[in-house]
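Both of the next two complexes hold chain A, though its partner changes from chain B to chain C.
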Partner chain A sequence: MSDKTNEKNKLETLEKRVQELEKENAGLKATLEQEAQEHEKVSMDLAIGLSEAFVVLQKISQGDFSVRASEDVENELLARLGVVINRTNDALSAAKAQTQNMIKELATPVIRVWDEVLVLPLIGTLDSQRAQHVMETLLERITKDGARIVILDITGVPYVDSLVAANIAQTMEAVKLVGAEGMLTGIRAQVAQTLVKMGVKITGVETKSNLAEGLKEAFRRLGVKAIQEKQPGD
Partner chain B sequence: MAELSFLTFRGNIIVALHGEMTDSSVRNFQSHLLEEIERIHARGLIIDISALEFVDSYMARVFVETAKMAQLMDTRTVLVGMKPEIAITLIQMGLSFEGVFSAVNLDRGLEILEKERARKRGRR
Partner chain C sequence: MAVKQLDALGIKCPQPVLKIAAMLPDMKAGEILEVVADCPTFEKDVRNWCQRLKKTPLWFRDEGGGKVRCQIQF
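On to the complex of A and B.
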């Protein structure tokens, strides 16, 4: 009799144990599923975030500094990536702006060679943007300094296109309008050909072969005399 | 536009324009100026536009026209103090300023008139 009850009791405990295990198993399965889902979501977020970051980087590499990577995302890694990209972007665009400014300044050196005489030596190729900048800078200086004579020396300009030729003619006209006399020196053979072939009229502007001749003419107009007191070597 | 005042200096008329001008005030300016030239037999005319906000193509044409009219009355015209941005715009519009002298400031303007007068005397 006692053996039978014992057996029954054992069976009951075992059944209970099985039930408990089953419950535990179900719980574990649920957590696993949940974790798998979360994992999937994170990797999805990462993939989307990374592809967005790539698009931004690609635009930056093409010189478009107006794009921003998103820094305000849930994923910490992506947020950090965004911050780094944006910082790099800022640094690059600042450097580019600085270089452009420097080129602009170097490209238009207006020099006062005598009282009321300005010289602007142009070197290298001229595009219409630079020609426009030259015109603005020169006119500003004329009004500021009250210059009488302006010599535009284009010895260093090997060739011009039609737009630039027109721009030079316009600059000379504008110089006259603000109240100074313009002079053009150092026109190269190639440039002279272009100007005439394209019918660009540069009216009322004295042209001299080189800067020295231009300066002499400026002195003549101002009534300034340069006297050579000694022969070189004496 | 405010009342125009014509100053006379050594036989020259000096007039300064400022603010904004409408087409009608520009026309008004032209006729009054020419009457004044006739009245005092001005030898030179200086129009100071350094305080003008802008110069449109109509105004520019009137200036050139006035200079030609004054020339017929034996009066030389100098445009004084044109701002660079205005000069650039007018040139890019393709306007011609033939027959008009320009000067950076009033001093230079008077200087040009003196020189022109000397040149004329020399020719005579």
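On to the complex of A and C.
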């Protein structure tokens, strides 16, 4: 075989190898492009998922517990994040509801001071919403305990206007309708003056200066005698 | 209303979008964020992000040298 033929064969072999390498290179390039595309998709999905989680957390931080994070997403990390956010949201929402219930209960402490005698000492401002709650709680307790006399003590209510007076009158009216007698105690001098100046009248309700007087009247009506024990040395 | 600024130059996507996301707690509804970035997929990614997060991309401007500026209304 001549040198020329040898050279030709070598060249052909090299050309074949170049073609193979080019093919291999094209394959690798395609794989790399595909991987880059997949990487970009995953990255964007993560970025958007985190953004959505941010939005949900922002709403929760503003007290909106109705929002839900996505749990049914392809990315496992985002799905877990969604689950944790929703669990936190549920716990916060439950804690808020519990606190509200506690506040409601504390706002209407109905006390059974004697058989058939209930006292409701009100403290703080009495708006329409609270007045409605007071009425509901009181009527429920009257029915449950079979109370005959109910004393609404407003010593701790700093301000009584016409709306509050109307709410109190309505409550007392409702007390009568369920078969009990209502009594209003603790109208402070300042409150009494305000009511007179405003021309507000609380009609049809027996009033007493303080809770002690109210209790005495309740015992008198029930025929109960309260005897004060003598102190040693008296 | 002042337009808030965000510099996302020199970082690759999705980091600019994550930086925008991190601004979410500071942005009120209707406020505008201006972002400048030089990531090649920035415009596409921001448009995608805005669509998913229901935000409004106001405009995109090619400032040359791969730099893109945009405004987003929250």
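Throughout what follows, the second predicted complex is superposed on the first by the 210 of 234 C-alpha atoms of A that agree within 3 Å, B and C clash if a C-alpha of one lies under 4 Å from a C-alpha of the other, contacts with A are read in each partner's own complex, and residues count from 1 in each chain.
Methods note: a residue touches a chain if its C-beta (ideal position, glycine included) is under 8 Å from a C-beta of that chain, and two chains touch if they have at least 3 such contacts.
Keep in mind that what you see is a predicted model, and the values were worked out from it rather than measured.
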Clash or fit, chain B versus chain C on superposed chain A: fit
Chain B versus chain C as contact partner of A:Glu40, first or second or both or neither: second
Chain B versus chain C as contact partner of A:Glu173, first or second or both or neither: first
Partner chain in contact with A:Glu22 - chain B first, chain C second, else both or neither: neither
Touched partner set for A:Asp115, first chain B, second chain C, both or neither: neither
Which superposed partner A:Ser51 touches (first chain B, second chain C, both, neither): second
Touching partner for A:Asp127 - first (chain B), second (chain C), both, neither: neither
Touching partner for A:Asp64 - first (chain B), second (chain C), both, neither: neither
In the superposition, chain B vs chain C on chain A residues touched: B
Chain A-centred angle between chain C and chain B, computed on Cα centres after superposition, in steps of 10 °: 140
After fitting on chain A: smallest Cα gap, chain B-chain C, Å: 41
Chain B/chain C common contact set on chain A: none
Interface residues, chain B side, partner chain A - complex: 79-85, 87-88, 90-92, 97, 102-105, 108-109
Complex contacts: residues of chain A adjacent to chain C: 40, 43-44, 46-48, 50-52, 54-55, 58, 61
For the chain C and chain A complex, residues of the former touching the latter: 13-14, 17-18, 20-22, 24-25, 41, 45, 48-49, 52-53
Interfacial residue positions of chain A with respect to chain B in the complex: 135-136, 139-140, 142-143, 146-148, 170, 173-174, 176-180
